[in-house]
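As structure tokens, here come the structures.
Look for subunit A in each of the two complexes below; its partner is subunit B in the first and subunit C in the second.
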Partner chain A sequence: MTARTGLRITDLTVTYPGPRTSGFGRRSPITAVRAVSLDVAPDETVALVGESGSGKSTIARAIVGLVAPSGGAIEFDGTSLLNQRDRWARRNIAMIFQDPRSALNPRMSAEASISEAWQAHPEAAPEGVRRDPRRRRAAVVDLLAQVGLDPDVAGKRPTALSGGQCQRVSIARALALRPRLLICDEAVSALDVSVQAQVLALLVSVREARSLSMLFITHDLGVVRQVADRVAVMRRGELVESADAQTLFADPRHDYTKELLAAAVDLDVSS
Partner chain B sequence: MTTMGLVHTPVVPVRTGRATVRRIVGAIPVVIFGLYVVAGVFGPLFVDYSPVGGELDDRLLSPGSVTSDGSTAVFGTDALGRDLFGQVLYGARTSVLIGTLVVLFSGLVGIAVGTAAGYLRGKTDLVASRVIDVLLAFPGILLAIVIAGVFDRSLAIVVIALSVTNWIGFARLSRSMAMTLRERDWVKSATVMGVRRRRIIARHILPFIAGPTLALATVEFAGAILAEAALSFLGLGLPSASVSWGQTIASGKEYLASAWWISAIPGIALAVLVICVGFTGDRLTRHFGRKQ
Partner chain C sequence: MSDRHPVPTRTTATMSDRAPERAQRSSAGPLRVRGLTIALPGQRGTADVVDDVSFDVLEGRTTGLIGESGSGKSLTAMALVGLIPDTGVASGQVLLGDENLLTAGRARMRQVRGAEISVVFQDPSTALNPTMTIGDQVGEILRGRGLSRRQARERAADLLDHVGIPDAAGRVGAYPHEFSGGMRQRAMIALALAGRPRFVLADEPTTALDVTVQARILDLLARLRDEDNLSMLLVSHDLRVMSHVADDLVVMYAGRVCERGGAKAVLNRPLHPYTDALVRSVPSVRVRSAIADPLPGSPANPFDRPTGCPFNPRCPRAEDRCRTEVPPLREVEPGRFSACHFAELAERTSDTAAEDLL
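Entry: the complex of A and B
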């Protein structure tokens, strides 16, 4: 058993090959994330906020191995995540995507999507689910109940479900392997406001029930206020401020954070 | 009282006459294509025909004539007195068989190469794309003629000669689809979850490639049938003991003025089949286009 030290990102830099300057010209690389250091302690929820293109989603993608960092280190519970094929990391870090519909294969039922996780990691599957269809259905229904869905959702495909239901199925699938870190990449941004509140409440309750660490990526400061213990603010690929949620909202230090908060207040007043 | 009538108009739209006609007309090519397949598969069970048989007394009979043994030659006979109806029927079997084999063979190779290139990217993609580019620069039928000309005439050689360029269409389609599919969130979430690559391709990519590939397969099927007829016409296709429309058309070319039916009837059979397969393909393309 590895020690629980949480997620530790040190000097992470991610560059993308940019567009060519001319037909045969060299690519001018674009630095999406520049020397970002960020920790998420066990049981802690950190919100990563910033405008579009600030590099927050790139950090999430680097953590789960969808993009390769060009520099820095990412560790989870003392294990480096830069070895992309590490099955241990795949099992312990789950991610929830923004668009609830496209995150689920439209040709697979909720049950098939969820049990795929157990097929990939037999060691983390409840007993018997790989061979016994009845046990598998029971385990899926149990997970669905934990995210507030009826048992009949198990047999349905994403096209027959609402956006909110799809996102709950995604959350159920993410929980199927009992991960220690949950990364939510704009997980509620695509949902209606009322559904947003329900899914947020679900995430908070799940986090408490399972003592999960959470990295919550969003541009919505209203959402941050409800879930985050700590907030990190990003701008143009750099981390500009990181503080306790309460401190940050009460007394922002950086000019950019002040601007963000002011903009959010304006929106609150106008709506 | 007329308002009452309006209120009670049925909610279900009544199918108009024009829509019904359009539906029936749209189904005709599919039905004809089906008839060819049925004729090719079951026809030879009921009609006896031998490419080495034939009475010389019966040579060059026009369609509908009575032969020396008392039977009617519906499509007439050729220069060696062989029944043309039997040739068309057996030729349908050859065409459908070759079309199917070429599509199966080139489809499997094309989908495998294209999906691997589009999903894996990197060096695999680079190599596959260059091979495709090079093969695209050759005229397909020319390459087939070279291959069929170098080796002895046989079914396997014809299938290979036609598959050598036919797989490219499948590879290009599945490559481009795999490239867009791999960026979809469900593929990414499976990757993040640690689902194995082979399974991701099988469960999250291939099912979405299957439909459009089927539509393309009909086009390639028609192309393969035409190419086989062309090879046989040139004497490079199947061995002369087998029956092929291309051979029949070629055997009639000296009698075009006196016995037009020898070339014309298999030619019409070939054209109708290719047209109907094309329309069937269009229908499938529209169907899967809507579904995407």
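Entry: the complex of A and C
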């Protein structure tokens, strides 16, 4: 059993090969993330905000092993995540993406999508779900209920579901292995406003019920305000400010944070 | 048009020579949508996905058309410029002066688009031609209106300058990929203004942009409305954007108008429970309440519209009547229209709901 220290990112640097300057020229590398250090404690929601190209999604991809960092360390509960084949990490870290339709296999029912994780990680599967279809169905229905979906969704494919329902299925799938860290990459950006509020409320309640660490990546400061305990602001690959959410919104220190807050388009009902 | 947006006199002469219908341009008036209904074939038969929609786009004002997925807002907007899918059947009227654009025919609609009503699309990187310079794309429209190559280039630079592109004269030769997302959207707006249209239809013009850029584009749209007396129909799902630029609001749900009125009035005191729920679920930077009491369910599908009021399955105050009787859009207060049986009680509803939150 490992200690619950949460996510700890130290001096993370990620570089991508840049464009070639000529047909035979060398690629000049682009630094997408430069020396970023960031912690997410258990039971904490940290929002990572920034504009496109700021490197926020690259950090998420580095955490789940989709890109290899060129420097720094990423640990979760004391275990390094830089060994990309680590099954433990894959089981304990789940990610939810922006577009729920493209994140789910269109040919698989919700039940198949959710239970696929149990085939890959039998050690984390509820008892008997791999052999007994009835137990599997019951476990899926239980997960669906936790994300506010009816049992009949289990047999449906993504095309038969609304965008909000698909995102709930994605969340159910992410929870199937009882992860300790949930990474949400623009997870509500593609949803309708009224559905967005539901899914945000769901994520908050799931995080509380399961004592998850949550890294919430978004460009929408209004959404950040609703869910975050702490906010980290990225700009051009660097972390420019990180503070308690209340403090950051009330008293931003960095000029860029001030600029972002000033530019945030809020509901204006003044006459 | 101010001195920043000059039009060579010869141009005007040439344009009226070649396009006699432009003589009517001075006869101002709103763009009136009356009983617009659009039937589209679906998996289980044809459905009116836009159903009896009426509103005006008034001159020099920005009308916001707001709704979620399936509300029919984009289809409604595209019907104004004759761009609905071939399988769709539109009825009702879209009146530009006395002319019904729904029956105008393809050739006439090609004239209307750009010259009378132009369109700014959501994603400028797909709407602009990647193989042509920005100047040539703006100039193409001007050349079509009889300007010489040199005049078109000068005027293109003027237009780019007008929409806030720095060093416009030096950048008419740039290609879209050399522009940032915000600059591309500015170029797109310049393109829309090139034909000197009376109406601009902007479909989610800031949705694909970064926060800081979004605010600047909204400022630009507001400035164009004021300086050029531009009439605009802004289509968006984002109430925050609407609250900054819209003068009038048309709220759509499941293909129908559920509320309509002055933007500030509608947002301050919605007279339809759906509008009320939308306002409450806006994630605001100032308050942490958007997720306190989320609306259940998903937006209704116009192919499978609930009977009675389409909002009834999600409505906190639905009664038996709402499940059977379609509420007509009616004037509840001067200038305020709502399609709710209980619109008069709306204010009380929002008060009690606010108490529930505490």
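Of note:
Keep this in mind: the second predicted complex is superposed on the first by the 264 of 271 C-alpha atoms of A that agree within 3 Å, B and C clash if a C-alpha of one lies under 4 Å from a C-alpha of the other, contacts with A are read in each partner's own complex, and residues count from 1 in each chain.
The rule is short, and it goes like this: a residue touches a chain if its C-beta (ideal position, glycine included) is under 8 Å from a C-beta of that chain, and two chains touch if they have at least 3 such contacts.
The structure presented is a predicted model; accordingly, all values stated were derived computationally and were not measured.
When both complexes are superposed on subunit A, subunit B and subunit C end up sitting side by side without clashing. The wider contact with subunit A, measured as residues touched, comes from C rather than the other of subunit B and subunit C. Superposing both complexes on chain A places the Cα centres of subunit B and subunit C at an angle of 80° as seen from the Cα centre of subunit A, in steps of 10. Shared-chain residue A:Ala41: touches no atom of subunit B or subunit C.
Look at A:Gln196: by the touch rule set out above, it reaches subunit C but stays clear of subunit B. In the superposed model, A:Arg107 makes contact with subunit B only, not with subunit C. Legend: residue contacts after superposition of the two complexes on their common chain; A:Met95 is shown touching subunit B, with no touch to subunit C. Once the two complexes are laid over each other on the shared chain, residue contacts for A:Ala73 go to neither subunit B nor subunit C.
Closest approach of subunit B to subunit C, taken over C-alpha atoms in the A-based superposition, is 7 Å.
Contacts of subunit A with subunit B, set against its contacts with subunit C after fitting on chain A, share not one residue.
Every residue of subunit A that touches subunit B in the complex is listed here, in rising order: 64-66, 87, 90-91, 93-95, 97-99, 102-108, 116-117, 119-121, 170, 173, 177.
Those residues of subunit A that touch subunit C in the complex are listed here as 51-52, 162-165, 192-198, 200-201, 204, 219-223, 225-227, 249, 259-261, 263-271.
Within the complex formed with subunit A, the residues of subunit B that make contact are 184-186, 188-196, 199, 203-204, 207-208.
Subunit C contributes residues 68-69, 181, 210-212, 214-216, 218, 237-241, 243-244, 264, 267-268, 277-288, 290-292, 294-296, 298-299, 314 to its touches with subunit A in the complex.
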